[in-house]
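In what follows, chain A forms one complex with chain B and a second complex with chain C.
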Partner chain A sequence: MSGVAAAAAPLALPKRRRPIVVLLRRAWRLPRTKVGVLLMLLLVGTALIGPFFAPHDPAAFANIPYGKPGGSTPLGTDALGRDVLSRFLWGGRSILGLSTAATAIGLVLGVSIGLVSAYSRGLLDDVLMRIMDVILAFPSIVLALVAVSTVGPKLWLIVLVVGLTTMPRVARVTRGASAEIVERDFVQAAEALGEPRAKLLLGEILPNITSPLMVEASLRLTYAIGLIASLSFLGFGEQPPAADWGLMINENQQGLTIQPWGVLMPVIAIALLTIGTSLIGDGLSRASAGIDRTGGE
Partner chain B sequence: MREDELDRIDEEARQRGISREELLKRAAVAGLALAGSGGLAQIARAGIAATPKRGGQFRVGVAGGSSSDIIDGQDIVTNPDQARLMAGFETLVGFDKNFKLKFNGLAEELSPNKKGDVWTIRVRHGIEFHNGKTLGAEDVIYSLHRLIDPKLKLFGGAALSSVNPHGMKKLDKRTVRLHLKHPDATILDALGQYVAGIVPVGYSPHAIGKAKPNVGTGPYKLKSFTPGQQSVHVRNPNYWRHGQPYFDGVVIIDFPDDTARVNALLGGQVDAITNIPPAQVGIVNGRSGRKVLESPTAQWTPLCMRVDTAPFNDARVRKAMRLIADRPQMVKQALSGHGHVGNDMYAPFDTAYDHALPQRHQDIAQAKSLLKAAGQTHLTVDLQSTNGALGMNEGAQVFAQQARAAGVKVNVKILDSGTFYGAQYLKWPFSTDFWGTRNYLSQVAAGSIPTSPYNETHWPDAADRKFLTLYREALRTINRKKRYEIEHEMMKLEYDHGGYIIWGFSNFLDGYNTKLRGLVPGWKGVMQLNNFGSGFRTFWFG
Partner chain C sequence: MTPPVLEVVGLRVEVEGRGDDIVDDISFAIGAGEVLGLVGESGSGKSTVGLALLGHTRRGARITGGEVRVEGRDILGLSPAGLRGLRGKTVSYVPQDPASALNPALRIRTQLEEVLETHAFGDSRAARAARMREMLEEVLLPSDDGFLRRYPHQLSGGQQQRVGLAMAFACRPRVIVLDEPTTGLDVTTQAHVLSTVRDLCSAHGVAALYVSHDLAVVATLADRVAVMYAGRIVENGPERVLFRAAAHPYTRRLVEAIPEMSGRHALEGIAGTAPRPGQRADGCFFAPRCTYAVEACTIELPPLEQSGEGHFVRCVRHAEISALGVSERRPAPELPEPDTATTLVSVRGLDAWHGDRQFLFGIDLSVLPRQCVALVGESGSGKTTLARCIAGLHRDFKGELALYGKPLAAGARARSRDDRRRLQYIFQSPYSSLNPRKTIAQIVSQPLGLFFDLDHRETHERVVATLERVRLNPSAMTRYPHELSGGERQRVAIARALAAEPTLLVCDEITSALDVSVQAAIIDLIAELQREMKLGLLFVTHNLALIRTIAEEVAVMNAGRIVERGKVEDVLASPQDAYTKALLADTPSMELALAAGA
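So, the complex of A and B:
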């Protein structure tokens, strides 16, 4: 018994820290990852620091509705006459915060279910995965709308629903990636040593599937940003007079032909944000699959 | 109660067999002071001095509409229903462009006894329904019976609560004697509302909008109708107003989508549209051959405070909230300036409206001290709203922003209309709502007394009988001057203690192709496009 453990240890130990560092290093070498990170930094920066540079109170009236750009309102005013630039600078916080939180919930739930599924196999695996399939089969926006129209437009609910719709995909990826790890000797060794199941799942298996999970996480974040922006656009996210990118598009769509900035700015921001996160995801996935490898590893 | 000058001209023209315009021209040539200089000026101003031309198919895009569209002479569900009702049906009396009641409808006489509880209605001679039936006393009796039928729950029935269903008597072919349950000074207003259409005996007795044939006395006969899409109407050749209508036909098209509607006008697919979003006014006016018709209204989107629920059961809090509102700013930001400032009082078109009430201005300092006195220094309230009409959500948001200056936190909750108008409707402590143009006493009946169908503010306070006593007294007072005095007293009560914040009245913004003639700017209408051209009979193609 101790022989098996001793043999497994040198195999498992060096692997623990390495995969993620290797992955990140490899991914960073790809130009697409750099562009993605740059975009992310730009938009996260706008959202976090932007409000300090806003020329007006985002809820204050600066001019007539749909006022043209100029003077104290460089990007004009919105449907109620509020400064578009100030609202844009204030409007990124909620979408970033909500989508990050939703992705985190989706990851935690998805990884837990995927690990349990892969490890237990048998009936529990089947039941869990079929439940995930059922959730997957529903268009996520429809699920979110059903939840919001029964409970009301609450921010915690949006985060929870988007997290729950993120969960099945994460669970499937986790299960797929860990199904093969579970068979490995070091897992069986740890099992034999009587390691608690939770520790085994999180300590032995999880570190070995970080690469696919990183890829999945960034893709899920992209998806959460899109979904939360759509829900805000439909009026179920942040409530007026809050400044929020999705809500801004909704509020100002009437004036698209005469004062487009109120729609264009949030559209551009959301687009760049999702492009950024998906470029990072793409970089990570290429790096982990070994595509575009420039050698030296 | 005589007919106005215009009607006299109409009458005379009909007898001589020529059109009003022709008559005026001949009169001018002959130097006859037929209608008096005032009358002529009024006609010239109304833009009907130009010679109308016959012919053409008029296509109008109306905002709203859905598969629940109906055509009924006495009821509407959606906005396009109003246009369709106007094309086919007429009322006994009507309102002119200044929202003054005129005897320009089907009734040639409508007069009360001294007490005001017995009215005599006589319809004009020789008016025909679309199916050829001559309009008579029995049709008037049937129409009134149908309007107040409790089973049908018709829109126009609420205002006719004084009509005694067993008190209608046919005196002769064209005359009806109407015995009311009590004297009612508002009966003319009630009979003049567009939903009080006169329908023939037997018209869809048990259901709304199911009449076959669907006939009235209006300028156009119904040819085809697809709910949610469009209706086609053809000229009524036997129409009683000489020369009218001018179009061969009218097509009324549902256009719920704002952008599509404006594009249809710009692209020439329709000749006129209703409800241009304020943001698009510049675009329409900037296009050659297209213009915006702007008309003031007395329609309002108030903020409603429930006078029987905390925190608004304290009159000081209500007053403070009213002092928080910067009304000119609300009109500017919420209506893009296309409206008029309100004074917490409805019915500004009513001749009884008390213009002596001082205009209420924003006064944050006084609002703060009132709130402090009421122990509500850091008041936080939810304000429920929905996208029901332009000004509801917008007004709520602008008010919420203004309230911050007084330390009041107003959380605007924008709900879907199903939730807003659901079980909680009329129970929200603080909400927005939407009301159309009405005269004062009719509006009180609709929204300011306990028996009103839509009393959001729960005004008046249950302990206070004064307002109700005054209201009953006003109804019974046929003498106009005396009645106005009572109405002013009622207005003062509401102005001082009421639950409405009435910050403004929005304008109608309609668009038209400049080849369309006969439109009157500034028409104080209940409906868009000069009350849909009083059934599309006052418009023509130039």
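So, the complex of A and C:
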């Protein structure tokens, strides 16, 4: 009983939980989310803390090329004789940093465009969405290759291009989720009060679409990780002698039959990372679907 | 006396898993041709009881006890196949929203045939086709092929509900459950559908359970009425007895909350809210809100006791209370005298469009300071469009709009800050007019931030003062809208409007999404605020009975035109326009229903 009508009525214990907290708690109850978070923590932990435990300098030669595991090189050495374990421990930072930055750029741009599009409707909506469609029509890897081969393999360029290819998908989801919110009376009420448009979009509409956006963000992060790993595999990302998971696969692929660890470790890491982020996304989407069904609580 | 067609004994429905009861100890009987009105406010469990008569529950609920006997046979023990054979054939159901109950992709003929075929009604296709036409004629619909070929979206709301009725009556059921079948319909349509239901039930000897929150509708239709509160039947008796000499305090308060056409009495709401499943304490569930409560009420739930011929009450003091007779009621307060020196808002020759279609034609209307003007009409009459034009939410119009004699721009954003502040709009549904992601304090302070230059402490004080003004506990400030009841949310919406210190409030059907007792409290609040704050009020409603208590002047709208305007007493006493007359005649009214029976 939540009787706040009578000024004198005693209040029952209030449940003051922000809706976003409710979503996170619900998602956490699902086993898939726990597994996803665990994988994510494991790999982010490896990337961030790993370098402190690296036995060798990632760029230093430790043994003969394709050296067998053992001794001071527990996972053997790579094509140039550098320690695989050390390079693996060092190699996660760039991919994580770049993909997070790219996803963030994609989210900010996509959310802005989606919100403006849903709110304005009419011609502006059409123009914005058609532009998004055009970007969507290009395979993102091709777009990235074109940009990189014109300007050169710059890291900021990779982040920007991956961010831009993330943008249209985020914009579509944002627009779809907001289209229904824009019609609601509380938006009309803010409109009648004359609330500034930017405040209306960010204060009234955005908080109501956080659930689909969180799902979309984790999904986009998954794709960004894959895309950036592919770009560094192709040699457009971090440049040698830097340690990078995508680059490691490229460098060691020819020795796969002799010394597989140089390829296997980064492959496993990238796979687990993407599985982790997509499991989190899946957990969030299931939890938010449940929330929508029961109307908030 | 013939045995009842339907008998419910000790029915209990629980929340699955938790074991909290949604409804419990539900017992009643309905005879052939009889209509039992099951009345209750939202959350009282009335729809749960209605569905249980078909052996069905909503997801997450389970029938765990009692019997539902149809012609002596308990249907709760039936197998799923047995239940399927029963539903639609012996016990049928008419849902609340006909538009969502009919399949939009199938023609009317297909849907009607389906019912008959499923239950193998009639021997041949020809017999079924004949029955189909007969059914349509019974519910006063055309039965020609042209009509049968239509899709649901090609029918009006009233016609859709009649098709629903035809489907329910198709296999000549013994029991029919009607779950608020006229809620979404206009009064004129509602009156026709109700008389059809009544005629069909008495002609075919069907036992009907009419579930509704609208006591005036039930009073015109039902023979007997059962009142539900917090999952229990608190009173069950003949309609006349129940509405005139109710023995349960809740029933009495509910009757007092119904707006009267005569408007002699003030509307009084019931403070507090009903306990939800799992939160029901020992004792009478109504005791915390009851003015008659004594210590005995808090010890255990009273049993349903007989109080008179066919009249059962669940109250320890029912004998004393029914002896009280008609209770003393507060007379309706005087309406404030409008200020005739200036005009607050005036509309002249307003035409409005939605796309290519014109919805308003040459509207002239004015509201004086401190005056309440009611704008009455059925859905589609254009009353909301007019209100939205005035509020700056609908820009597609031509004509003059002025505030204190100065022209008002079309859209809210084109208006001056002061014009926006002076004119506040309250929406129909408090469920969608409050942002679910904002706290009550954030919602109420929104106009403060836009219109006044206040520091943090002043804002806080204003919010507290405004919440107190609408009788909300300031502790609600940190809550989110979904933690409040419908009535409380509407108070928050009113508080948001008041925070702007307006001179005109546009209220668009602000009580139509609320229960009667809550409606009464909100109307009472609005009337009081109007008096105290000297507000002009444009009160949009479809409920004629409501305007008498609050409005001084009324404008009746039909098909985009104002067909009649005048003082409320004059228009209600001697309507001039044919449409107003029809509207008045079709509005269900407690007083008329009781007078007719006397």
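Keep in mind that, in the parts below, the second predicted complex is superposed on the first by the 272 of 297 C-alpha atoms of A that agree within 3 Å, B and C clash if a C-alpha of one lies under 4 Å from a C-alpha of the other, contacts with A are read in each partner's own complex, and residues count from 1 in each chain.
Just so we're on the same page, contacts are C-beta pairs under 8 Å (C-beta built on N, C-alpha and C of every residue); 3 or more make two chains touch, one makes a residue touch a chain.
Just so you know, these numbers come straight off a predicted model, no measurement behind them.
Visitor: Could you look at A:208 and tell me whether it touches chain B, chain C, both or neither (first, second, both, neither)?
Guide: In the superposition, A:208 touches chain C alone.
Visitor: Of chain B and chain C, which one contacts the greater number of residues in chain A?
Guide: Ranking chain B and chain C by residues of chain A touched puts C first.
Visitor: Using the superposition on chain A described above, determine whether A:184 touches chain B (first), chain C (second), both, or neither.
Guide: After superposition on chain A, A:184 lies in contact with chain C alone.
Visitor: Quick one: is A:19 in contact with chain B, with chain C, with both, or with neither? Answer first, second, both or neither.
Guide: Only chain C is touched by A:19; chain B is not.
Visitor: Just to be sure I read the superposition right, which of the two partners does A:239 touch: chain B = first, chain C = second, or both, or neither?
Guide: First partner only, chain B.
Visitor: Counting only touches as set out at the top, which of chain B and chain C does A:258 meet: first, second, both, neither?
Guide: Only chain B is touched by A:258; chain C is not.
Visitor: Please indicate which partner A:195 is in contact with in the superposed arrangement: first for chain B, second for chain C, both, or neither.
Guide: In the superposition, A:195 contacts chain C only.
Visitor: Check the residue A:149 against both partner chains and state whether it touches chain B (first), chain C (second), both, or neither.
Guide: Touch partner of A:149: chain B, not chain C.
Visitor: Just chain B (first), just chain C (second), both, or neither: which does A:176 touch?
Guide: Touch partners of A:176: none, neither chain B nor chain C.
Visitor: Which residues of chain A touch chain B once you look at their complex with the stated criterion?
Guide: So the residues of chain A in touch with chain B come to 59-61, 64-66, 79-81, 149, 152, 235, 239-241, 254-255, 257-259.
Visitor: Tell me, which parts of chain B touch chain A in their complex?
Guide: Going through chain B, the ones touching chain A are 258, 277-280, 282-283, 329, 332-334, 336-337, 393-394, 397-398, 400-401, 404, 411-414, 416, 419.
Visitor: Could you list, by residue number, the parts of chain C that touch chain A in their complex?
Guide: Chain C residues touching chain A: 271-273, 275-276, 279, 391-393, 412-413, 415, 417, 420, 424-425, 427-429, 432-438, 446-447, 450, 468, 471-473, 475-476, 478-480, 482-485, 487-488, 491, 493, 496, 500, 521.
Visitor: Can you tell me which positions in chain A touch chain C when the two form their complex?
Guide: 1-7, 9, 11-12, 14-16, 18-19, 184-186, 188-195, 204, 207-208, 210, 295-297
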